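Next come the structures, one after another.
Common to both upcoming complexes is chain A, partnered first by chain B, then by chain C.
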Partner chain A sequence: MTMAAVELNCVTKSFGDVQVIKGVSLAIRKGEFVSLLGPSGCGKTTLLRMIAGLEKVTTGSIIIGGTNSTRLPPERRDIAMVFQSYALLPHLTVRENVMFPLRMRRLGRKDEQQRRVDEVLEMVQLGHLANRRPRELSGGQQQRVAVARAVVSRPQVLLLDEPLSNLDARLRESMQEELIQLHRQTGLTTVFVTHDQEEALSLSDRVVLLNEGRIEQEGAPTDLYSAPATPFSASFMGSSNLLDVQIEAAKGAPCATLAPGSALPLEPGCAAAGPATITFRQEDVQLLPADAEEGILATVETRLFLGSRIRYVITAGAHRFRCLASPGHSFAAGQAIRVRIPPGRIRVIGRTLA
Partner chain B sequence: MVEAVPTGVRAAAVIFMLLVLAFVLGPLVVVAGVSFTAGDYVTFPPEGLSLRWYRAVLSADVYTHSAITSLRLAALVTLAATVIGTGVAVALHRRRIPGTGFLSALVLSPLVLPTIVFALGLLMLWSSVVGRTSFYSLWLGHTVIAVPYVIRTTLAVLATSDPFLEEAARTMGAGPWRTLFHVTLPQCLPGIAAGGFFAFNISFDEAILSLFLRSPDIMTLPIQIYTQLEFSPDPSIAAASALMIALTIFLIVAIDRLLGIQRVAA
Partner chain C sequence: MASHREDWAIAAPGLLLLLLAFLVPVGSILALGVRTEGGEFTPAYVIRFLTEPYYLGISWRTIKLSVVITLVCALVGFPFAYIMARVGPRLRLWLVILITLPLMTSVVVRTFGWMVLLGRGGLVPDIMRSLGLVRRNYTLMHTEVAIVVGMVQILFPFMVLSILGVILRMDPRLEEAARVMGCTFLQSVRRVVLPVATPGIVAGSLLVFTLSASYFITPSLLGGARLPVLAGSIYETATRTQDWPFAAAQSLILFTAVLLLLFPYIRLTRKAGG
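Showing the complex of A and B:
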């Protein structure tokens, strides 16, 4: 067994009487890029700050690079952190900012430090701005300085708290690519906090989905995306549809009955009969004309043109769900249609208590 | 934006501004004018032009000695007030100590309470605890009323700074003390400079506290000017005042050169 770069053992955190982290255990491999994902207030920042040592751990332990760091102050932990506001020191130049961790940690001789700083500034393409002060930089450039300053000391683990949330959409995309690149170049173990599921999916080796201070589900991005294990995971991983249905296993192959005479076929052997919740992604819903041979009868409730896609809200009996379709075929609001969902795309998650 | 303001309001605003300018600059113009008079009396406009009253002030021991006392006092007050004020401001800003709200009200109270109340209270306290008034009672008194200004200007700078800077420094390997010296204090610098400037000026022209807390052998410049005015008014008081104004302007320019006035005014 290789040693984990960071290990959280049953970590909890209470502010006064309120427990906000309710027992999180997590082992992060060396070089792994892990995202902490979850809705606002679920405890992502608190967890990250506990790894950094900026927040005291109530119970449990945190091991960083083999050292029990649970009670160590931040400056004695082998970490670096990128803050949401970047937290660049305004009285120092870009170069001095990037030099700061090396100076404080007394890493290497002066000329080695200089060389390291130049190297890292080149890596984030800021060599030409080295003598500027932070306030003379754009948001994206400040962000790069913050990242450079964090990787320069080659910490055991790099912590990032929503570092891209202050950037506009286009810049955010290019920064995501740069982060992937940087991670590949440096091989630093990285913990990345975000509430944006797309960002988490596209950047990480592993996504840890948090819900109210607990790990709801963790796994590779593709697993989380295609196999959400709980209703919460399903709905958080991108507007999946959740329907409470009756599973019936009439003639061999089971199906999910939405209403009498209206059933979606399922994969053989995926669930036993009885009440259950099914989930499917909105892009997996296929809309067919009302006179088609297959599919269940439904009605278009609303139609929303999104540019490259069209979003429909569909009603079938008492059920409502959403569909994301390419603009090839078009249905109007109020139109009767048929709906087909490939059986392999429907997941049965948990039983509803009847 | 200017177009949206009705003409009447605009005219009123202009008149109001001119009035403010007149009352702020008027006295300065009169003092400067009188100081250059060639005559023997305090009259405005001055009778003729000369530097004779400047020569008189600079060669009179009563003025030069009191000026040196005032400068020495102001420098020491500036030193004490910036050190104490910065420490208090940083502590208040962190809000780690209980009763922060009450404490900030307390340390800022000299800003709103009448100086004479402070002067009297301090005099009584000093007399009962220490004894005779001296240069030190003067130093203490001036420092007490100057400290709130340093606290205010430093807190103002801290309020606009990134609250995560200190934490960021900790994650970069700086312990609490190095964070203070490498991050917090450099942040505060413009505020400390502005506060120090206020402290210097407050001490340099404070008359009420000085009257109460000095010992008879100590003469500060403002008291000297006041005494001169009361017993033998001549244009030398105008020349001494003009020199005080010149010193203030010099300090403003110096701070602007060193730190930039926009940062200080923030």
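Showing the complex of A and C:
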């Protein structure tokens, strides 16, 4: 059995009477990059802070590097954390900030510490700003100092709480690339909190989707993206459509009936007849002219030009869904069209609860 | 450039008021100290003050007491302000009320209170006697300790409130970051909170020092005639001997000393302000 770098066993957390983490078990392998993804308020930060020791665990246990750390204070855990607000010490220079964990944890001799700090500052390309104070840096530079300060002590686990959310879109993309690079160089076990599914999908080895204090689904990014297991996963993984339909298994191949006379064909044997929820991705919806041979009749409700793509909101009977199309063919708002979705791209994700 | 002129325009009414209500009266009093009756310049009063051992003794006591009072306020005020900043907002409100409430009663009344507590047969000597620390008939009245105790009580809120303001503005994540980087709780207070709160401590110390150097009611009542301080001496000179020019000269010296203290302070805050 290989030892996990971090292991959460049935961890719960209550603030007063309110339970915000409702039993989370998770094993993170050494060197793995795991994202905690979920909507605002689902408990991502709370979970991360419990791993860091900044929040007491109500029940359950947390094991870091084989040591039961459930009751250890933060300074006795071998971790490092990047805060959303960076939390750089304002009275220290960049170099002193990066040196701080080495000094406090008494890691290595003074000259070794110096060398390591220089090394890490080079890695994040901040060598030339080493003697500035945090307030004399841009947001992106501060962010890099925070990352440098976290990796310098080579902790068992690196925790990041939405470290990129204060950056503008372009900077965020380049920082994402740098983080991947950094993870490859250092091989640190990383737990990354975000509410941005694209960020989670592009950065991580594994995505853990949280919903109201529970793990909704976990898996490799491609699995989560292409095979959401629940309606929540499907809708949260973004750009997915969810429709409550009636499955009819007439004449062999089943189909999903949106309205009388308008049914989407499904793959044979994928669901039994009855009410159900289907999901399909925006980019899998194909729009055809109204006089086409196949597809169901629908109407364009709105049309949004996004640059590389066009987003349509389509109505078919009482149903609405979104479609992401390349700008090649164009339909106007209000226009009648036909819609086709490849049967293999539609997933039936259980009975509707309603 | 234009913005500079606008700054001045905005500040002008305030500056004018300051000029009329503060600088003119204070200036004319201070001028009294360096002028003969005929209106010519003379350093005679200042020289008299600086050469008489009695007045030098008073100055030394004033400085010594002010330093001790400031130190006690800072040493007790910092942990107190830190605790106030870290408790919930309700309890904090109550604590703020608790420490500012004394400000709403007259200083004279509070000082009389201390006289009762510290005097012969008062609560404090009684307790000390029952602990076997002192003999009967022991009194704390007319000692420098009494002055320090009375003054600390009066000036404590100024110190606490100016430190509290800085700590409340500080990002609480800084302490958590320090903990995650290997600091124990006390180390995080010492290495993060203390440096970040320094401007507040300096501002509070300045307030407490200048106020205690220029207070006279409490030191006079608690210290008595044998332990005069500069402000008390100014008051005595002006009211009892009615030697106005000499009282003005003493004020000038107190004023200058406080001003001299301000310059390093401005330097310090400018450095802290980056």
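Definition applied: the second predicted complex is superposed on the first by the 352 of 354 C-alpha atoms of A that agree within 3 Å, B and C clash if a C-alpha of one lies under 4 Å from a C-alpha of the other, contacts with A are read in each partner's own complex, and residues count from 1 in each chain.
Everything that follows uses one rule, which is that a contact is a pair of C-beta atoms (placed from the backbone, for glycine too) under 8 Å apart; a residue touches a chain by one contact, two chains touch by 3 or more.
Every value quoted in this text rests on a predicted model; they were computed, and no experiment measured them.
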Exercise. Is the arrangement of chain B and chain C around the shared chain A a clash or a fit after superposition?
Worked result: clash
For this session: Could you say whether A:Leu89 touches chain B, chain C, both of them, or neither, answering first, second, both or neither?
Result: both
Exercise. Which holds for A:Arg133: it touches chain B only (first), chain C only (second), both, or neither?
Worked result: second
Exercise. Taking the superposition as given, does A:Leu171 touch the first partner, chain B, the second, chain C, both, or neither?
Worked result: neither
For this session: Mind working out whether A:Glu75 is in touch with chain B, chain C, both or neither, as first, second, both or neither?
Result: both
Problem set entry | Contacts of A:Ala229 with chain B and chain C, given as first, second, both or neither | neither
For this session: Once the structures are superposed on A, label A:Arg105 by its partner contacts, choosing first (chain B), second (chain C), both or neither.
Result: both
Problem set entry | Touched partner set for A:Leu288, first chain B, second chain C, both or neither | neither
For this session: Would you tell me the residues on chain A in contact with chain B in one complex that are also in contact with chain C in the other?
Result: 52-54, 73-75, 79-81, 83, 85, 87, 89-91, 100-101, 104-105, 149, 153
Problem set entry | Sites on chain B touched by chain A in the complex | 161-162, 164-165, 167-175, 178, 182-183, 186-187, 189
Exercise. How about chain A: which of its residues touch chain B in the complex?
Worked result: 52-54, 73-75, 77, 79-81, 83, 85, 87, 89-91, 100-101, 104-105, 149, 153, 159
Exercise. Within the complex, which stretch of chain A touches chain C?
Worked result: 52-54, 73-75, 79-81, 83, 85, 87, 89-91, 100-101, 104-105, 133, 135-136, 149, 153
Seminar exercise, completed: Seen from chain C, its contact residues with chain A in the complex are 171, 173-174, 176-185, 187, 191-192, 195-196, 198, 272, 274
